[in-house]
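Presented below are the structures under discussion, each in the form of structure tokens.
Look for chain A in each of the two complexes below; its partner is chain B in the first and chain C in the second.
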Partner chain A sequence: MSTTEISREMKKSSHVQISRGMKTVLSATVVLFIASHFIAPSSTSKGAVLGMLPFAAVLAIIGLGQTLVVQQGGIDLSVAGSVSLAVVFVTRLPLEHNDRLWRAVVVAVFAAIVAGIINGILISLIGINAIVATLGMSSLQYAVIMAISQGSPRQTTQLLLHIMSNLTFGIPRAVYYAIATTIVVTVLLKMGVGGRRFEAVGANPRAGRAIGLKVKQTQISAYVLAQLLYCLGGIVLAGILAQPTAYQGDSLVLPSVTIVVLGGTSLLGGRGFPAATAVAALFLQQLNQMVLALSVPFGVRTLVTATALLVGIALYTIKWNVVRDKFSELTGKKKSSTLANA
Partner chain B sequence: MNKSRVFKVASGLGVAAMLLATSLTSAATSSAAAKPSWCGPKKITMALTDGFGGNSWRLVTTASAQDEVKLCPSVSKLYYADGQGNVSKAIADVKGFVAKGVNAVVVFPDAGQAMLPTLRAAYKAGVVTVPYRVFPGGKDGVDYTAFIGTDFKQAGINWANWALKNLPKGGNVLFLSGPAGNSQGIDEAAGFWATMKSHPEFKKIGAQPFEVTNWDPALSQQVLTAAIAANPKIDLILSDFGPSLVGALSAAVKTGWKVPALAASDGNSLGCFWTDNKATQPDFKLYTVSTQNDHARLAIDYAVAKATGGTLPGKVYPSLAFEDSVSGKPNPVQCRKDLSPNIYLSAKLTGAQQVALGIK
Partner chain C sequence: MSNSPLVLANISKAFSGVPALRDVSLEVFAGEVHALLGENGAGKSTLMNVASGTLIQDLGTITVDGVQIEKLNPILATGLGIAFVHQHPAVLPDLTVAENILISVPKEFLKTHGSVNDSMRAILDDFGFTADLKERVGTLTVAQKHLLELAKAFAVNPKVLILDEPTAPLGQESVDILFDRVRKITEKGTAVIYITHRMAEVRILAKRVTVLRDGKWRGTSLVSDISDQDLLTMIVGRELHSTFPAKHDLIDADKEFLHVENLTSEEFYDISLTARRGEIVGIAGVVGNGQSQLLRALAGLGGYQGSVKIGENVLSQRELLKQTAYMPADRHGEGLMMTLSVRENAAVSALKKFRSGLLIGRNKETKIVMDSLNSIAVKAPSMDAAVSSLSGGNQQKVVMTRALLSEPVMIIADEPTQGVDVGARAEIYQILRDITKQGIPVIVASSDAKELEGLCDRVYVMSRGHIVDTLEGADISEERMVKAAVASTTLKKGSHTETKTVVRGGAFRRFFQGDFIPPIILSVIMLAFGAYVYGKNSRYISAFNINSILLLVTALGFIAVGQTIVLMVGGMDLSVGPMAGLLLIISSFFVNDGSKLGSIVLAFFLMAIFATTGGALNGALIRYGKFTAVAATLTSYIGIQGLSYLLRETPGGNINQIVSAHITTSWGAIPVAFIILVAISVFLEYYVRSSKWGMRLRAVGSDEESARRLGVPINKTVIAAYVASALFAGLGAVMLMAQLGIGDPAQGTSYTLQSITAVVLGGTSLLGGRGSFIGTLFGSMLLIQVLNSTTFLGLSQTWQYLFQGLLVSAAAVLYTTTRSSKRRK
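Moving on to the complex of A and B:
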């Protein structure tokens, strides 16, 4: 991407506008809810929606973290370890004593910051591939988890259950936390100079460096903020599940990447769309709920997330006009060679 | 050294020797008295390997196996390795112990068929090879010494008989098990529905043969929410890992849902959930079968008997009823709030012993 393109990109995002990803994912979500109502009515009943929303909220918060990393051209596989570690900290350290909960939260946040800094240093300063570094971090976090918990679960404190699971105005509280987090991340990315710099560095670190941006600090901050969001997601998750396991983050890695892609953030880095990511979380969770209500075989259920990811990539990341040009170039060549043969 | 000092030292030594001798004889007599029939005279070393050792059920199971070995003085050493959910490590662990020269190896083959070539190699190398609980394929005496299984069908039959007694009008039955296609869930479902063949008043609801939950609380919660939404009337829930369902049940109770009858496997957290909710949930009857931590003991007994020349025990660990909230037989529902929710009161190891293993 050239400097003029960057400035165009920066200009484009200088005022809040509804992105293509947001339009797509929002309309897809509306269509999905209508379709669910007719295909699997039980999945849109009050109980099912109230049961689905807290999980969508957790996924949204974690997806916001993944968005920041993807914007920097990375991908964060330490979601598994980070979320699990936060869950283990806030359930194992207090051992069901409410008064010990805050201390556990502080420890969890501290651990998240440390993990983020290590990830950032490994990837940005030392130049290790993001997949390798974050995979290693996840293993490290699992080692800590095993040391603390021996893998056995523990019940969530009543206080955390109360904070996360209760309803306010008929809606699970986790939803409010997800909305608030989305607003904060959106404001950070879209309203300030810092956010614009963040996007510019993600789109092209070299160009960013050339125009005097602090590339390495920006990249490290992405990993730290991401870890903090995973940590928050883990704490909310621990409050939703009365008795979480020590490996609760395992099943969130693929969905977290999927919703980032569905929200229109390119896997190649650059602009990010936090609000669209959050809506995509709702979309994916409802899609799962609908498939669950249809009682389809488990094999089909596992394909849902993967298919959603493929569709997302097909929609936003692949430049179809380039593919089409290449294809017509190829077939054109073929045609001309057939003609020559004739 | 003067005479009196020599006398003092000598008498001291004498007393010490006598004490030592007494304690040795008493140890010998106690071990001789307690020496079980499966413990033969030949001296051996052996190994125990786990495919995945990282949860409280496995901790208790492994400790039960170690406790069992202590009963047989012919076993001079028991090695242990945890595959940590990694199939290649689990394979390397078994191979490593065979190379070390152990006489017997007891294997929890989580990876199933993937472990068979390794088991066969160990068996062909002359090591007494005893896989247990998860069927790895193959045959006794060809691919390994013997497979020590349990009758999961019997658990299903036990649940069914309890349901027939306690739900005379029948009802809708929802079964939640672990990963898709796991043989435990399939056998339990088969046992349950075979018993219910002449009882059409019991109807299957949800995915068949069971709803897949991976024994994961988050997935269990989502699956139960979907099942409750789709089926306003659920009369009986079956679960083969009861404690993994506690979170989902508590979440559902918060929405005003009434817990129906539940037939499951035991766990302290489940027992305490029943105890906490029995007053407000009139339909919540609870029946559990033992979660079978002591299955590992039978596998150890068999391997030791074969390697030391003792009397061979049976090859199938029985599925036993543990708690019944209605009849109180064989036990009323157990809840030890003073101990960890993650212990299993059906195990031979006491709750306090399990807590001592580090289970908090």
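Moving on to the complex of A and C:
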């Protein structure tokens, strides 16, 4: 073979890569904790952090699911119904009997798979808008929730409380589960054959089709896996609250999308950054904690979240070099015109 | 001067440093057909885009009717009487035939035959266009869309008419009509610039001819003064600075290895090819004559009849998809995952090879992929670099690495050197040659005849989907290929009937796919459901209940109407709910018992200001910040909610009772506000179908690119839609003032999802371009009716959720599947 000139060999691939999203969100989190320490010291006390971590863990697990959907170019608003449903299953079915917990978990997982398949078929095969389909799904899930619980809360089982809330090495167990889940999702996505194909289809479904990948099945699998993660998130949530309500998932929909965006996964689809999403969950939860400790009104807290989301999207969407060029062009012109005036 | 309506002088134009036109001049005279000839990429379309203001030239001048134009743009060009029929029609699929005409043809040209409708019909009949005026353009065939474009352009009696390969999609009958109309319009004094590849058409129609080659002017002549051979000489002979690998030495023992027999689809007919081991097969022809579709079929990406045999195996479409390697012409759109790394792109079709245990062995992968990348000298800063950062040639080599790693039975390359620099070209040719030496057949389609001449051992020339010539050995020359293509007189098969047949079903089908079927379905459901509930509980139909239902409908209806406007431009507004909530809070500070009139007026004024600002911010984030609609309005959803809580942490500020009473004024059981909602819905329904602004709204949602070409101001239209949506949320807030009677920051947000549900029930497409305000009105009514009925039926909340979930899912499935023929993207 007459490869005319084997120019210099290409640089080796490095084993560990840190995405831009991860760098951004990690440094933001560090800055946030330092800032919290000075501005609102009570939010970085041991008690406050230990209280915040389990909720960050739940949000992280749910965010991982949302990441999978978003990287396939979708969005999943059924987080509300799914999480609430899982919570209701594992509290209502056992009715505080520890020995009935496992059966309840099996039911919850089964329900999650069914919901995921329906979402996937509606969106990927029939072509229904993701917002509409998952919105409908959330309603249906709430119908089941109401049928089981009539909307009233129920004590969680002692067993689940132990599994999720006990401390191991001084840290709530839920945190370990979140870290483990993040590692599993990341490894499968980045190092599994299926995961790599999943990323390829998300990055460009047309190219995926052209090389013979199963695009529709991949997209459906995203919704199923997401539901499983919401289900896990719901179960963990049920274990860190003594008496979870039937509407526990409602307040998690917008944060789940927010952290996906903050982690650098584009709402247009493409590469997913699960680990960055998980860190973003910690960031968002601590941000809330800090603002809460400052005892500012709820409105300000919400505005802070909105600002975080706005900055997050702007950071990744706006082509800053173009803006910079335009700006320097403008200022350049200004300079020349002032010169002309002078 | 007056008989030269258009003079282009010394035009030069470069794209990112690559010259496309160099010092080209063209003068056309009134009443003549001026043919523009040249190979693919000779600069014909670029020159015409300059002439029509779509592109701005770097150097040179444009003179229209003796007046030099500084900066031409499409709108100005249209005003000056320059009409351009593009090769790909700029039609709006969701608009009807009539609307497509109305949006671009000024009214004064639609008075020729009495009423506007009759005039439009006459314009279309003149081109043998038979489809109904009310037909949605998305359902037309390509040929019909083209006739529509032609008819529109001819109707405005332009001074200069540019036709870019107008006969390509047409059958014989339509071609005859077109030629006749071209002659007639030139008799009236119009200058026609006719871009073509076909000598025969030049001879039939044109008076003069200009030839371009490599972006340079080659000559202009009277058609009668020049022979076909001379014209051909002017067209071909492009310089190509590239070296080609030696061709295959034919050995007697070589048997034919690849057999493609009688391959037929909608875009190509009865294609048979063969190749021996070691040969590179070329597919030549003018771009868009079925070559790409043929290649896609061979790659298993498109349906076909006929058979493909490699060696001893006949391969099915599924097997072709899995076992062949396809290098698409659209490298960015279909070839590469642009956001992924070089390594990931190269490895993706051979991942199983790298597996060690359950996971991919990183070292194994890196080694194999690196070896392969280096074997064809891909130059990249590292394997982890994003593939988008590479040059065109190296990107193509990444595609080739992927192909090689997948160990294909055949490689299919569509325009493999497009956008590739000269050096990399030679390397790509060498790689293709090396591949065939391994016994893998390679099929290359290229619009560059010179390239095929240098590279291929066998070339098939396609024209309008047929093979018109087969060249082997010494016969393979650019001249022979161009000659076969320009001398061809074949026409697209089947297009003759395509232009004639009225789309099946006619009025009946149109009605069922139309915007008015959802309201009918919804009213049947509402009546049946209402009767059922009444049967269970007679208090259901009481003046009080009807009045309260309708008040709820009115609040939701206003917000949903706003949502419909946004959906029509292809967007979505998630912030309508919180916006209604915020405006309610604002009113709760000024419209209290004992408030002065001035304070009440101020409240409504402030509400309007806040709504307008919020809507404009949404629109600006989307258009200027390039946020997706969901991202932008989700951000404002949270932000607006925050603002509400900031203004009022807990419910407070009772709304003035007199104002409330005014808002809920009713005639009998019917609230006046509801009547206003109905009136607005009916008005808007009519308005978006008849007014220019309404058609623009739908044009943007239907096809942004076509809308831009038709001169629709996209940014303005989209931002206006979001402002309108926020203002309608304001009307919803007015209803909430009366219904809730207090400023409650927790209220409002639920209206976002409810409004989307109502709109979906009403049959508005979430893809944009079409929708119905009356449908939305009925959707709001059904939704509220269902939610309200559960109390009368003594049903639990379970049923509320169940009904809501089932309704929205069922409606979405129903409408999506019945319209699925509409778009396949």
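In this text, the second predicted complex is superposed on the first by the 303 of 342 C-alpha atoms of A that agree within 3 Å, B and C clash if a C-alpha of one lies under 4 Å from a C-alpha of the other, contacts with A are read in each partner's own complex, and residues count from 1 in each chain.
The rule we apply is simple: contacts are C-beta pairs under 8 Å (C-beta built on N, C-alpha and C of every residue); 3 or more make two chains touch, one makes a residue touch a chain.
All values reported here derive from a predicted model rather than from experimental measurement.
Annotation for the three-chain superposition on chain A: chain B and chain C clash. Measured by the number of chain A residues touched, the leading partner among chain B and chain C is C. Contacts of A:150 after superposition: both chain B and chain C are touched. Within the superposed three-chain model, A:317 lies in touch with chain C and out of touch with chain B [touch as defined at top].
Contact with chain C, but none with chain B, is seen for A:271 once the two complexes are overlaid on the shared chain.
Legend: residue contacts after superposition of the two complexes on their common chain; A:42 is shown touching chain B, with no touch to chain C.
When both complexes are overlaid on chain A, the residue A:187 reaches chain C alone and has no touch with chain B. Contacts of A:240 after superposition on the shared chain: chain B is touched, whereas chain C is not. Once chain A of one complex is fitted onto chain A of the other, the partner contacts of A:299 extend to both chain B and chain C. Within chain A, the residues touching chain B in one complex and chain C in the other are 146, 150-151, 297-299, 301. Touching chain A in their complex are the following residues of chain C: 245, 299-301, 321-322, 325-326, 328, 333-340, 343-344, 347-349, 351-352, 355, 358-360, 362, 366, 370, 373-384, 402, 406, 426-427, 430, 434, 572, 625-628, 630-632, 634-639, 641-647, 649, 745, 753, 756-757, 760, 766, 796-802, 804-806, 808-809, 812-813, 816-817, 820.
Every residue of chain A that touches chain C in the complex is listed here, in rising order: 1-7, 9-15, 17, 75, 122, 126-129, 131-133, 135-147, 150-151, 187, 191-193, 196-197, 199-200, 203-204, 206-213, 254, 257-258, 261, 267-268, 270-271, 297-307, 309-310, 313-314, 317-319.
Per the touch definition, chain A reaches chain B in the complex via residues 40, 42-43, 45, 47-48, 50-52, 55, 92, 95, 146, 150-155, 165, 237, 240-246, 248, 251, 288-289, 292-293, 295-299, 301.
Here chain B touches chain A in the complex through residues 53-56, 58-59, 180, 206-207, 212, 216-219, 221-223, 225-226, 228-230, 243-244, 246-247, 250-251, 254-255, 257, 269, 340-342, 358-360, going by the rule given at the top.
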